[in-house]
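The structure follows.
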């Protein structure tokens, strides 16, 4: 039986920064010693709307980065797209607001013990957790290349500080308003080959993750992707967030992406069955 | 200073130290919540409805948030009764949790089969029979919406396990005459009633312009339906004052739990609230204790159905 | 730039310039709202259900706010049909409002009598028959919960006024099989259906520890019940695709109105939202126009029931 | 047919002050030229809880005072008791918050054309509209006495500035923590007689209004009271706020307290039938 992230706790934390960055809000939380248990790939679940909120469910956000030596003690950074009422509420909160959070949740990106060649691919706000990941990979001596894609330039999140940890960064936008015109998958196989990529780490829309998986299916490349399914609870008790995943015996299970994910092995996800139900019962 | 309040309650011949339980399907098998509080601290863990065979459930999306509520269409995904009894139940009993197993079937026979398997397990507190499932033998008509099928399910379970474990029949509010369905299952041998299961609803996705949920319709839960739960509990308690009720529907605070108890509930299950707040059960339990004390109740028992005290009929 | 969208719609042979109407009982007779916008700017004013005789209604408290909704137990307070036809209707027609008169009775005969009185009035657009009333001749069983009584009420109204005014039968969602009730009233002569009336609920007052409302139970309305309304409209439209539906239940924005239209509503009544926002009808209407345009709809007609487009059955 | 206050409009206004005063919050709104149409006794209906609120109904508050010459243009003062979730939300809002209001609503206190002897009686926050009323009565040459009552001293609202306009002020608290111990009705008849009171203006709990009505029933004194029934709409469209009121022909009607009130003639209200229904149909 898989189980919830052992470090998960529920806590009240304070917003210490909220800055617009392109189409997103960079939100900084003072989370104290919680930073110690956060790993790249983990996410946070936040109660939204305040005391008289009609929104009964938490909202999930990837933990973009944590830092232990800021002026506030441990801080956590989130990159939030104002999407619907919950995320818009969050983006409208000012410094000093108290938030009720549960974190860290979910699985983390696997960190190699050997120095390897890593390619990090982010779509939209999906780049958020990749910069923290790049830091860690760098300390392990890995070579880190990065591809970021979005529909428009304002949806590329690539902070200055973040770029330090990557060896190369290529940006794609569908409308050509920033970087190259097109998608991150455009010349993916060439890049993988040229740079001798061992592992791809990806985060972004499900269609992007599926496309990457398909492209590298016949290669030796390992693909660790952070999936995003609608979650009601984030802690494994509701069964809303399931994805069809192949078991070792070839059967398919509907796994909870909040505890067996969000980071999963792309080649295990039955992308063709997402939104369907495996026909044969287990 | 708070007076000590005796929170203990009973459903049939099962005893519970507190009236605050998880709701079926809103706590999986308890393991995940145990990271936030010891399961023995609450009244009971009601496990997710289990069927005979493992099930994949419905396609995603399986949920939609709605004003003060949510829709779900999980479709009873689960490991099947054998795996459940082998893995989940022993773990729960080890935690010293009180365990109420919820069973669900597609045929009247399947319910009896499930009940039979429970006979082999000791340490269970009760069985909750979730009859809000489509009856494959009768055009998929939900058992709980069919007085005759409801009765027959409970009758089958009673024949198998009656007298050994209290039988709690869980009813759907989506019926014209809830009291008569309740009377039917009680006549068939239910020791207690669980009220209410989710209310049938739907959300249309304005982007795809189709029903949002993979299963099209879903069950509405959360504070939005609390007035419906209170009404259902009040009506059924008025009709069958001797039958204990496990109440549920939108409980998110001690205030809400007390409301259901005053209406006639002997126990209160907390479902959707745990999604928004993993420690909801504990805070509800603490708030309930304080609210009872503030009103001069020494025991939960005194408060059960108290809102009916001046009823003429 | 927004494309022009033809908002006009029909219910039976009645035509309306827009699909946004008031909901019965949530706009009194229109006068008060006319201070916030001209009544001719919306699709129609559906008046508060009127009975034969003047009525005091239920004792106070008559309302309780609930999460994303409210309960009411007004009990059809009103001036009676004669005063209503003498005072309210002429004023509404003077305002160039489209008028749908809602009628309510305690007996099958009372409905027919009310319908007969409407024959003498020219300029009305339709009659809405509120059958969510207790039938005094049958143990107070609500007409809308009794397939046979529902049919007989509509049959009586049809015999009196059928063919002259479109008959809209307003149904309660508190039934086991809504589609069959709908089929029954359509067979009896309803030209259209209004879905949904309020959902039966209750709130216990934690101070008095008794039911809060003077009438004990009340009708739940507002966004809390919108998923129930969408499901009801979707189900009934699937069962009776030719019958126009006046949808209602928790509509508070253009998004919500479009959701009901996609599910199958030809018109949308706005009730509780007007209590929180007296100009709700106008903003909903404007938002709806923009949302339709953004989705490439040139007319409301194209959007009605659009969520059903790939249904196999 | 009675109808809604002709001056009522829906508008966005800004909070320009929020100060705790005893058990209450004194909330100041910049309402612009709306002040011109507000009369003592009128009330305001405010949407509460913000954009993602689960509270669907407005909250009603008496207009305590309006002022046309403040630094903000027209301002309106409210005295709000943090009672349940809506009023607590309002009390927690800071300067600069925008509120959606509908005002002015309901009937106003009748202002005599002759100089008369007026007795103003307020219970709890019921004193709020009385100070504005006192101002107006004073300009008409009336003698204005005032009685305020509450359970405890912190629930007596009697601002310094307000006291200017009254000739005498007597305070009663049930626990004796301020003023005299007891209720405003204690020696009401004596006061009425001694001071030759012509009109009583009252605002407060329904039980207080009923008690005053009963006490002056056999006198010549006119009793104008501002009632408080739970209101869903505040504008006459829902029929939740009704009170049994005697008609000229002796029959009883259930009148809407939001448009036929809140100010009503105390002797017309069938206090014995509040919460019941008149037995005979009209």
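Going in written order, the chains are labelled A, B, C and D, and every chain counts its residues from 1.
Here is the rule we use: a residue touches a chain if its C-beta (ideal position, glycine included) is under 8 Å from a C-beta of that chain, and two chains touch if they have at least 3 such contacts.
If you're wondering where the values come from, they're calculated on a predicted model, not measured in any experiment.
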List every chain that touches both chain A and chain C.
-> B, D
Contact tally winner between A-B and B-D is A-B
Return the distance between the CA-based centres of chain C and chain D, expressed in whole Å.
-> 35
Starting from the mean Cα coordinates of chain B and chain D, work out the distance between those two points in Å.
-> 46
Computed distance of Cα centres, chain D from chain A, in Å = 55
Touching at least 2 other chains, the residues of chain A are 54-55
Sites on chain C at which at least two other chains make contact = 67-69, 222-223
Answer with line, ring, star, complete or other to describe the graph linking chains that touch.
-> complete
In the complex, the residues of chain C that touch chain A are 67-68, 223
Which of the residues in chain B come into contact with chain A in the complex?
-> 25-28, 31-33, 35-36, 48, 53-63, 65, 67-70, 72, 74-75, 77, 87, 214, 222-223, 252, 272-279
What part of chain A is in contact with chain D in the complex they form?
-> 48-55, 85-86, 89
Along chain D, where are the residues that touch chain C in the complex?
-> 1, 3-4, 6, 8, 10, 47, 54-58, 100, 102, 229-230, 232-233, 235-243, 252, 254, 259, 274-278, 281-282
Note which residues of chain D are touching chain B in the complex, please.
-> 54
